[in-house]
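Heads up, the next two complexes both have subunit A, just with different partners, subunit B and then subunit C.
Let's turn to the complex of A and B:
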């Protein structure tokens, strides 16, 4: 493998607890992380290193499982085991502060937000609203590309679709019960209003809006154990899933032969097996390069590259880079920076975040 | 706790799980999701089946102490059965009367009759709440309570917060319970325990409603409604008897607790879920604002299961009513209410999308049938029953006078109204979730 995955920085993000998830903002300038300590941290680059800009505490009563930025970058949603989803609004753009005294003056007690270090640039978030309704742990939250729809999923087996109006009011649009077990992850298509979810029931479901309600239009069967993560390719034509069965599957939508069928069919066009030693917890498809990264329970981080010459209906992926002991414990999440090619971030059960640079010889 | 052996314990749990799983699957179509039914409740529901009815009827043939068997059929079930067998609603009613009596049932009543009581009480309750809305911040919006799926959810998920808004008026099923085990029993010189009261309903949640402790007559040691069967379960009975409803010779309708005109059954205006919005609105418009509303204009909001009706006076909205059906709309209603942002005075809340006509216990479409088309058919058959204005029902007025007034205000209130109880999630018993 001539391709490399180099560690740039590693730091402890969530003291004495798991770091469950990391998410880049749309501009790629901020990284949000969340963890078992019930907090959300926002990280920004200061020179060559990453520094904590803010800690959002007291938003949740239990671990925060996932965070997601809105397409405009002004909102952050957090999904928690306390059965709620918080929507945070960024109160201002980053600004320069000349001295520590000014920072103290700017802290307002009712918003419970404060910077961890007196650094040059700060950002403030305020909890806008709390979405209730799920019966138990919320496992994921995701914003639709249009920005006015949100999806959440839970151990209560349901997927909820929410709509936000001009006044920042959130209302439930649909509650879909297509899975028979805990729903682990939801992800939106990059450009269309199409939603996918995956579950402990080993399946992936794809949803579309029909009339005034959301329905499951396709059930993707094939994994032999819990499906933990999902990611669409940059064009949205393919979906990659990762599972406790230690494989990654690539799915492609195939048009049903003739007729006006409303149900779509997705076929598994590729299975990557034999690469992962344990459960694959997360998968991310780079929107810039098309590289596929995975986070594994064997503590490793892997990057797969697609063979350009292969038949598009029978794609071929090869292992491009692999760091076996990326962390000292399970890797829970992996995320590509949306603006900077090769910039990759992972986080682990040991509370750490690792920043990587992936270089590929074309 | 000592378990025999780990394996035996696991086997027992697995068996219990399968048992409850089966129950949860049959109750799948209701709002009472797995988070709401305890194993104790599941057991109560298994006791209500058409097999139970057969057992009682068989017993009647052998034991010395016979039970008087009464079956009360809901208009939604009648419409569903009418659709399956290609009959009009009244034709289905007459044949159901004959079918049940052929099995040994003594009386077959219609819950549209008891619904008249529910509608009248709802109307009065609304006006009373409207009058005290300045003093009592929890008087409005009044939330309809005929749907047990909604009540179950409200009690278990929103508890003390939501219950003051919920109408105390009994549902048509339980009004019939009062009529049959109260008035009818007295009139016939029977102990309520000597009556076996069955209702035919469009959903499974009505079985839960019948099992509520509030509808248990302590002194007589009997429930007001002993057994609820669904429209689908009636089809099973017909199939077991190897008979098509359309082939049954019709019998004359029992008129004691049915709204009958000749050989036609009468219904009510408004929605297929009882017409609560319609009747409370028209009554309130008249009583509070002197307006005679001839026709209601429904405005569809977010989706077809969320509709609104308003009354304006000099350009100002003085009454704003809504119908919210289905879980997602109920969610939004309650969340808005919690934030103090609900603009409504009254809401007809139903757990099932499209309302009771689309209940989880309704007759399923045949392989060649489309869900939507069948529902439309059922709606058309339901609406064919000519509406009766509750205030003009002489029979009901007579009962108010002769019976309800005679028992005194407190007892009358017990017979026409009920209570709700918030359920603490922590004490929700054995919830088997595998």
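Let's turn to the complex of A and C:
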């Protein structure tokens, strides 16, 4: 393998707890992380290192499982085991603070001191609203590319779709109960108003809006255990899923042969097995390069590349780069920077975030 | 190689000692005394440098759903805290002894479900009681 995955930086993001998720803002300049310590942290790059810009500490009463930035970059949504979803609004553009000691005081939380050193730029978020309704842990939150729709999913087996208006008012417009178990993740199609979810029931569901109501249009069966993550390819024509069954599956929508009805059919066109030693917790398809990265419970980070000569209906992926001990514990999340090709971030049960540079020989 | 085997054997010994001190929540005796956890239940595989895969299979004494889940949870917590070496853990209920074993095994081995359950103060208290050593 001539392709490389090099570690740029590793830092402890959530002291004494697991880091569940990391997300890049749309500009690719900030990272939001969340974890078992019930906090959300925003990180920004200062030269070669990453520094903590702010800590959102009191938004949730239990672990924060996922965070998601709105397409405009001004809002952050957080999904928690406390059964709520918080919407945070960015109050200002990064501003300069002249006195470094003031920063330390502002960010110091009792005995915990953050490594905020030379940074003079901070950003502030304010909790705008708390979305309630799920019966128990919210496992994921995702913004639609249009910016006015939000999806959440929960252990209560449901997927909720929320609409947000110009006055920042949120309203639940649909509750869909297509899964028979805990729903782990939801993801929006990059360009269309199409939603996908995956579950402890081993299936993936695809939803579309019909007459102001969201419905499940397709159920993708094939995995033999919990499906933990989902990601669309840059064009939105294919969906990749990752599972506790240690495989990754690539799904493609196939046009039904001249039939009636509005249901779509998705077929599994590729299965990557034998690569992962344990549960695959997350998967991310790079919008810039098409590379596919995975986060695994065997502590490894892997990047797969598609074989360009293969039949598009029978894609072939090969392992392009692999770091077996990317972290000292399970890797929970993997995310490609939306603006900088090859910049990848991962986080782990040991509370660390690692920043990587992936380079591929074209 | 002999030393390696000796090292691993010692680690298994330590592991069993740890498991044997977990208390069955409904009975005052330790699990091992009740024959729920014995030597055959534990398998240790080397995963890499200083890292081991531990596979535990146990048979609950009472065929009751929530109890088996609780025992599984207690085992997870105790082992995670006490084992001095890096490890990955899989826990299974022994075949043929439980009616909903697949359901329970899936829950016990889902770390997200375990983490959320452990944030429930009532459950956490029960687990803490179970995993506390008699002389703690």
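In this text, the second predicted complex is superposed on the first by the 341 of 362 C-alpha atoms of A that agree within 3 Å, B and C clash if a C-alpha of one lies under 4 Å from a C-alpha of the other, contacts with A are read in each partner's own complex, and residues count from 1 in each chain.
Keep this in mind: contacts are C-beta pairs under 8 Å (C-beta built on N, C-alpha and C of every residue); 3 or more make two chains touch, one makes a residue touch a chain.
All of these numbers come straight from a predicted model, not from anything done at the bench.
Engineer: Is A:226 touching the first partner subunit B, the second partner subunit C, both, or neither of them?
Structural biologist: Only subunit C is touched by A:226; subunit B is not.
Engineer: With both complexes overlaid on chain A, does A:63 touch subunit B (first), subunit C (second), both or neither?
Structural biologist: A:63 contacts subunit C only, not subunit B.
Engineer: Look at A:167 in the shared chain and tell me whether it touches subunit B only, subunit C only, both, or neither; answer first, second, both or neither.
Structural biologist: The answer is neither, since A:167 touches no partner chain.
Engineer: Quick one: name whichever of subunit B and subunit C touches more residues of subunit A.
Structural biologist: Looking at subunit A, the partner in contact with more of its residues is C.
Engineer: Quick one: is A:135 in contact with subunit B, with subunit C, with both, or with neither? Answer first, second, both or neither.
Structural biologist: The answer is first: A:135 touches subunit B but not subunit C.
Engineer: Could you look at A:212 and tell me whether it touches subunit B, subunit C, both or neither (first, second, both, neither)?
Structural biologist: Only subunit B is touched by A:212; subunit C is not.
Engineer: Should A:297 be classified as contacting the first partner (subunit B), the second (subunit C), both, or neither?
Structural biologist: Second partner only, subunit C.
Engineer: Does the superposition put A:330 against subunit B (first), subunit C (second), both, or neither?
Structural biologist: After superposition on chain A, A:330 lies in contact with subunit C alone.
Engineer: Looking at the overlay, does A:48 come into contact with subunit B only (first), subunit C only (second), both, or neither?
Structural biologist: A:48 contacts neither subunit B nor subunit C.
Engineer: With both complexes overlaid on chain A, does A:156 touch subunit B (first), subunit C (second), both or neither?
Structural biologist: A:156 sits against subunit B, while subunit C stays out of touch.
Engineer: Which of the residues in subunit A come into contact with subunit C in the complex?
Structural biologist: 18, 36, 62-63, 65, 81, 136-137, 139, 155, 182, 184, 200, 225-226, 244, 277-278, 297-298, 324-325, 328, 330, 349
Engineer: Quick check: in the complex, which residue numbers of subunit C touch subunit A?
Structural biologist: Against subunit A, subunit C makes touches at 47-48, 86, 88, 106, 109-113, 115-116, 119.
Engineer: For the complex, give me every residue of subunit B touching subunit A.
Structural biologist: 33, 35, 302-304, 327-328, 331-332, 335, 353
Engineer: Under the stated contact criterion, what part of subunit A meets subunit B in this complex?
Structural biologist: Against subunit B, the touching part of subunit A is residues 132-133, 135, 156, 171-175, 211-213.
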